[in-house]
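Across the two complexes that follow, chain A remains constant while its partner is chain B and subsequently chain C.
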Partner chain A sequence: MSIPGALRREVRFSSRDPVLWLWLALVLGLSAMSVAFGLAEVERQNETIQKLIDGDRHDRLAQYDKQESWGSAAYYSFHLTYDPPSDFAYAAMGQRDAQPWMHRIRMLALEGQIHERDVANPSIALIGRFDFAFLAAFVIPLVLILLLYDLRARERIAGRHDWLEATVGQPTSFWLLRASLRAGAVFVTLVVPVIIGGMVAGASPAKWFVATLGVFAYVALWTMACFFVSSWRRPGSVIMLALIAIWVAIAVIVPAGARLAIDRLVPIPTGADILLLQRETVNDAWDLPREVTMAAFFERHPEWSEYQPVEGSFEWQWYYAFQQVGDQRTEQLSTAYRDGRLRRDHMAAWVSILALPSLLERFLQSLADTDLRAFFEYEEGVRGYHAALRDFYYPKFFRNEAFDRTLLEDLPSFKPGNPGMG
Partner chain B sequence: MSPIWLVATDEWRFWLRSHIAIGGMAVFLVLIITTSLLAALRIEAETYARINQQDEAEKTFLTQPDRHPHRMVHYGHYLFRTPAPLAQFDPGLDLITGQAIFLEGHRQNTAMFAESTASADFGGLSWLSPALVYQLFAPLLIILFGHGSIARERETAVLSSLLAMGITGRKVIAGKTLALLSMAFLLLLPLIGSGALALSASEPVSSVFLLFGLYFAYLATWVVLTLMASVVLKERSAVLGVMAGLWLALALVLPSVAVNVASNTVSAAGKIASDLVMLADLQELGDGHNAKDPAFKRLRADLLQEYGVEGVEDLPMNFRGVVAMESEKKLTDVLNEYADARMHAEIAQEKVVAKFGWLSPVLAVARASRAIAGTDLANYHHFQRMAEAVRFDFVQGLNHAHVHQLSYRDDINRNRDEDARLRARVDASNWRVLDAFRFQAVSVSERFGNASSAVYMLMAWLVIMLAILFWRGDKLTP
Partner chain C sequence: MMLQADSLHVARSGKEVLSGISFSVDAYEVYALLGGNGAGKSTTLLSFLGFLSPTAGSVLVKHTDVYSDIAAARKAIAYLPESASLYEHLTAQENIAYFLQLAGMSASSPAIDAALDRVALSPNARRRKVGGYSKGMRQKTAIALAMLRDTDILLLDEPTSGLDPNAIDEFHQTIRSVADSGKAVLMVTHDVYGACHAADKIGMLQGGKLKGEFAAEGHGIDIEAVRKAFSATVVPS
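For the complex of A and B:
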C-alpha cells in the first residue's frame, strides 16, 4: 500500500468521525477567542499608555509654570515611564498582569518609587487570562489526550484491531499516521488564528513563525507520548488515566515543587529591608552634619566636590544629594534583590525542561517580551532614565544656574525598550 | 440489609480491589497532605516575619528623637499585612498582592512586594495550594472512581440482574451516590487538619465548618455529574472521555475566559491613570506646605475673625499647622474618592467573573472559598482601607501637635540658624499618636456574607443536577 493511498484513506476515515470535528471546532473557537481577547487587551494597554503620555506631559507642563527654581521644578514634576506591549504580546500576556509596566517617577530617591505596583485587578491576575500561551501549553495536551488515547482501544472494542493490523502491513506506521493526522489537524486549527492575529497586529512574521515551530514541536511531543502510551495493551480508560496523570505531573506537580525548591535555594532580601533602609538613610540626613552626606555623594560625583554646604539653611543641592545617598545605601540590597530574582528565573528556565507546559509558556512569553527578563529590562530602563534626569539637573544645581523655564524642554524624555537611554 | 447500602458497600469492595483506584487515592492523599504541610509552614513563617517587621517599624517610629512634627509626617510609617489564618488552606490573593505599604502625608501609596513578583515563574497552576488541589484535582479523582459505577455494571450485565431483582434504578443510583459521597468525605479529611491549625491561630470554628461543607457540596456536584454521565452513556471509556472534557472546560477554560470577558467589558483604570485625573482636582486644593497659597485665604480670614486678631502670628495656635491639617483632610477626601472608584471598578470586574459561576462550579467554589478564608478581593480592599485609616490618623495626630505645640513664630523661623531649628521641634512623646497595628481579616459574618452568592450558585448546581440524576435514574435501563 503506497503512502499517499494510505493517507487518503485515513483522511477519509477521520473526516467521518464527528468527535474529531467537534474537537477541531472547539480548538479553533478557543484559539480564535484567545487571540481576539489578546488583541483587544494589547489595544487597550496601548490606548492607556497613549492617554497617560498626554496626561503626564500636560501635568508636568502645568507644574513647570508654577516653579521658580530648578530644585522645585525637579521636586514637583513626575515623569511617566512605561513598557508598551510588544507586537506578539497578544499571544502571551505573561507577566503583564502581575508585574508593573508603568511607573511615574521623579527626582527623589528611586528605591522608594520603583517598587510601587500599579498592577491590574489582583482577582484577574489570580485566575489568569485565557491567552494563546495558556491554551497551547495547558489545554491542548488534554485535547490531544482525549483525541488520541483510544485510537487502538477503540478498534479493539470494535473488533477491527487485529484485522487492521493484518491488512496494513506495517502496523506501527499505520497507527502513527492515524495519530499524526489527527494531531496535525489540531495543530493547524490551533495556529491559524494566531497567525491571522499576527497579521492583524502587524507582528513580525519571524516571531509567529518561531512560535508556530515551538507549538509544532510541543504538539509533536505530546502526540508521541499519547502514541506510545496508547500502544499499551490495556483498556482505553486506563490509558487515558495514565496520560492525564502524566499531564498533572508535568503541568502542575513538577512546577509547583520546583517553585518551592528554587525559592528556598535562592534566598533574596525582603523588600521591607530595602524600603526601611532607604527611608532611614534619607530621613537621617536631615539630622546629620551636611559634610557627612555630601562626602558620600561626592564619592559618586567628584566633579561637584567643590560645593560647600551651608549648615542650617535649606539647599536643593544637599536635598537631592541625600536622596541619591539613600539610593547608594540600598544599592547592595537592591542589587541582591534583583540578582536573586534573576537567578530564580534562570533556574526556573532550566527546570522547565522537565515541565514541558511551563517550557512552552515561557518560550512564548519570551517571544512576546512578557517574561521576567523583559520586566527587568524595563526596570533597567527606568533606572537609566532616572539617572539621566539626575545628569540633567545636577549641573543646574551645582553650577547655580539661573532657572530658565525654556531649558526644561531639553529634559531627556523616556524612550521605552531602550535601557540606558540618552 | 437495605439495597442502597448493599450497592454502596459493593462499590467500595470494587474500589479496594482496583489498583488504579487505590493508586489514585494514594497519590491524591500524598499531594494534599504535602501541600497542606508546606502551606502551613510557609504561612507560619510569613506571619512571624511580618509581625516582626511590623513591630520593628513601630519601634523605629516611636524612638525617633524630638523633631519638627511635619518631618515625621514625611518620615512616614510602614504597615505589613499578616496573612489570614486560613490562607494556609486557600492563599487566594495573598500571594499576588503587596505585603507592605508605606504611609506618609499627602499620598496614598500602593502595597509593595508581592510574593509572586519575586518567585520562580512557572505559570498559574504552579501556585499549588490545598484549596487548588481540591478545586482542580479532587474532581479528577471522583471521575476516576465514579465513571464506571453504572457503566461498568451495564458492561458486565450486572445492572440487568440488579434491576430484574426488583431493585429500582433510583436505589442503585442512591447506593452509588452514597459510596462516592463517602469517598469524597474521606478526601476532605486533610482539610480538617489545615482547619485545626488555623483554629490555633484564633480562626473561629464556624468558618472551618463552612469551608468543609462548601467543598463537600462541590465534590458532591462532581459526584452527581459523573454519575449522570455514567447513567446516560453506554461505555466506560465514553463516560471518562466526556467527563475529562467537561473537567477541562469547567476547571481550566471557563475561569480564564471569564477573566478575559471581565477585563474586556469593565475597564478599571490603574492608579497612575486615575492619579493623573485626580491631580487636576487637587490643583484647586492648594499646597498644604505653603500657608500663603491663595487656597487658604478663606481659612485665614475666618480664623482671624474668630479670634479677633490682626495677623496669623497673633493667633493662639500655629496657623501653618492649621493649614497642614485642613489641607490633609481635604486632600484625603479626594484621595479616598478616587481610591473608592478604583476599588469599585475592581469589584465590578470581579462581579462579571462571578457570574460565570453559573456556568462553572469551579469558579463558584473558588470564590466562596477565598471569601471564607478571608483572602479575597474584599479582604484586600479591607487592608487598603485600614491602612488609609492608620495613615490619616497618624498624620492628623502629628498635625495636631504642629498646631498646638509649636508656635507660629518658631515655625516660620526654623531655617534661620541651628538654634532656631532646635526650637522648632516638638517632644518625641508626640510620636505615640501611632497605635500598634495588626492586620485582621474581615469578620466572620462579613466573610460569610461575601461568600453567600457563590454558595447559592454551588447549591443551585448541586440541587438541579441531583434532581436530574434521580429523575433520569427512574428510567435506568440495562
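For the complex of A and C:
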C-alpha cells in the first residue's frame, strides 16, 4: 500500500479511537489555556508599562515645578525604564517572571537601584508559570509517553500483535506510521493555539514558524524514543516505567544536578552583596574627607577636576559624585555578577543538549526575547540611560548653571531595545 | 509444495519447543496438526510466519525459506490467531476492511457481507461494534477475514474455538471448499473429530515431535486411530 493510502487508512482507524480523542482534547485544552494565560500576562505587562509611561512625564514635570536647583530636580525626579514583552513572549515568559522588566530610576547610585528588587514573585515561585514553553517542553513528553508506551504492548495483551504483523508484511513502517500519526495529531493540537495566539498578538509569522519547527523536532525526538522503547518485548508497565525514567532523568535530574554543579563551579556574588557594598560606600562618603571622594570621581571625569569641594557644606556636585563612586566601587562585583550569570547560562546551554526539555524551553525563550541575554540587554540599556542622565546633569552641576526648567525638555528619554537614549 | 517444515528445531526462552519436525502441505490440501497443550502447535504456525527463527532445520513457504524473505512469506499467508482479538471500537465490517487494507487489499461492502454470510454472522450483528460480540461471533468475523484475504495459504490456530456445533460444521465445509479451490490450509486444533472431518492429513504432535501422520484414504481418515493416537499424546508422560 502506498504511503498516502496507508496514512488514510490509519487516519480513519485512529479517528475511531475515543481514547485518542480524549488525549487530543486534553492537549488542545492545555495548549489553549497556556496561550490564553500568556496573552493575558503580556497584556497585563503592556498595560502596566503604558500606565507608567502615561504617568512618568506628568509626575516628573510636577516635581520639577517644585524644585529650584538642578541638584534637587535630579534628586526628586524618577525616570521610567522598561522592557516591553516581545510579540512572542506570550508563548514563553522565561526570565520575565524572575527578573524585573521595569525600573523607575533616579540620578542616585544606579547599581543599588538595579539590584534592589523583589527576587521573585512568591506566587509564581510556588507554582511556576504555566506557559506554552513549559507545556511543550515538560508536559507534552508525558502525554506522548502515555499515548505511545503501549503501542505494541496493548496489541500483545489483546493478542493482536502477531496477527497485525503477519497481516501487514512491513511491521516497522506500520508501527512507525501509527506512532507518527498519533504524535502528529498531538503536535497539531499543541501548536494550533500558539499560532492563533501569534495572530492575536501580532507575532511575526517567521517567529512562530521557527518555534513550530523547534516543537516539531522535539515531538519527533520523543516519538522516536517512545517508538524504540515500546518495541521491547516487555509488559506495557515496564515500558512506561522506562520512558518515565528517561523523562525524569532528562527533565529533572540532569538539569537539577547540572545546576548544582554549575553553581559550584561558577560562584557569583549576589545582588544583595552589590546592594550592600554600594550602600556602605555611599553612607561612608558622608564621613570621608571630600577630596577622597572627589579624587575617585575625577578618575572617571577629569573634565570636572577643577571643582574644589567645600568641607562642611552640602554641595550637589559632591553628593552626586559620591553616588557615582558608589557605582564605581561595585563595578567589579556587578561585572562579576553579570559575567558569572552569563557563564552559568552558557554552561547550562551546553548541558541542555542532554536535558532536552530545557533545550526546547531555552529555544522558545530565546525566540521570545525572554532569556537571560535579553534581560541583561535591558539592564545594559538602563545603565546606558542612566549614564546619559549623568551626561545631561553633570555640566549643569559643575558649571553651576542657573536652573532653567525649559532645559529639562532636553532630558534624554528611555527607548527600549537600545542603549536607552532618545 | 506450499508449506514445508524440514527437520525444524525451534527454541523459546532457551527451551526447545520443536525438535526436528518435518511435514509439508500441498495446494488443495487441509493439514491438521493435533496435539495437547505445549505440544508445539502454535510455535509451528509462528515459525511459518517468521516470528520464531529455527535453531536448526528450515521452514519454506512456496519453496522459499521464510527467513530469507519474511514479508513475501507473510504476503502469501492469511493467518487466523487462536484468539481473534478484533478492535472493539469497530464493527465487524470495519474490522475486516481495516485488516484487508493492512494487507494491501480492499474489499467492497457487498464482498464483506458475502463473506460474513458464509460464516453466518447475522446482518444485525455485523453492524454493531465488536466490543459486544461473543467469542464465537468474533471467530466468525476473523474467519471471514481470512477467507477474504484470498491468499494461497491459510494458517488457522484453533479456528473452531468458541464456535457452536452448527457453525463448526459450516466452518469445516468452508475450509474444505477453500482447499478445493487450490489453496493450502494448515490448522492446529484440539478437535479430533473436526480435524478428521475436514483434513486430508493429520499430524500428531507431542513434546515438539511429530509422532505420526494420518492421511485420508477411501472414506476419509480413520477417526478411531486418530483418537487413540491423540489420547496417547495428551497422557502425561
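Criterion: the second predicted complex is superposed on the first by the 411 of 422 C-alpha atoms of A that agree within 3 Å, B and C clash if a C-alpha of one lies under 4 Å from a C-alpha of the other, contacts with A are read in each partner's own complex, and residues count from 1 in each chain.
In the analysis below, contacts are C-beta pairs under 8 Å (C-beta built on N, C-alpha and C of every residue); 3 or more make two chains touch, one makes a residue touch a chain.
Just so we're clear, the structure is a prediction, and the values are computed from it rather than from any experiment.
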{"item": "Chain C versus chain B on the shared chain A, clash or fit after superposition", "value": "fit"}
{"item": "Which of chain B and chain C A:Arg16 touches, first, second, both or neither", "value": "second"}
{"item": "Touching partner for A:Ile253 - first (chain B), second (chain C), both, neither", "value": "first"}
{"item": "Contacts of A:Val229 with chain B and chain C, given as first, second, both or neither", "value": "neither"}
{"item": "Chain B versus chain C as contact partner of A:Leu241, first or second or both or neither", "value": "first"}
{"item": "Chain B versus chain C as contact partner of A:Trp163, first or second or both or neither", "value": "second"}
{"item": "Touched partner set for A:Gln95, first chain B, second chain C, both or neither", "value": "first"}
{"item": "First, second, both or neither for A:Leu276, with chain B first and chain C second", "value": "first"}
{"item": "Vertex chain A angle, Cα centres of chain C and chain B, expressed to the nearest 10 degrees", "value": "90"}
{"item": "Of chain B and chain C, the chain that contacts the larger number of chain A residues", "value": "B"}
{"item": "Minimum C-alpha separation between chain B and chain C after superposing on chain A, in Å", "value": "14"}
{"item": "Set intersection of chain A contacts, chain C complex versus chain B complex", "value": "none"}
{"item": "Residues of chain A that touch chain B when the two form their complex", "value": "30, 33-34, 37, 40-41, 44, 48, 51-52, 55-56, 59, 62, 80, 95, 98-99, 102-104, 112, 115-130, 134, 137-139, 142-143, 145-146, 150, 153-154, 157, 235-238, 240-241, 244-245, 248, 251-253, 255-256, 258-260, 262-263, 266, 268, 270-272, 275-276, 279-280, 283, 286-287, 311-314, 337, 340-341, 344-345, 347-348, 351-352, 355, 357-358, 361-362, 371-372"}
{"item": "Complex interface listing, chain C residues touching chain A", "value": "46, 49, 51, 71, 74-75, 77, 79, 81-83, 85-87, 89-90, 94, 98-99, 101-104"}
{"item": "For the chain B and chain A complex, residues of the former touching the latter", "value": "20, 24, 27, 31, 35, 38, 49, 53, 56-57, 60, 65, 71, 74-76, 78, 80, 92-93, 96-100, 102, 109-114, 116-128, 136-137, 140, 144, 147-148, 235-237, 240-241, 244-245, 248, 252-253, 255-260, 262-264, 267-273, 275-277, 279-280, 283, 345-346, 349-350, 353, 366, 376-377, 380, 415-418, 420-421"}
{"item": "Of all residues in chain A, those that touch chain C in their complex", "value": "1, 5, 9, 12-13, 16-18, 158-160, 162-170, 174"}
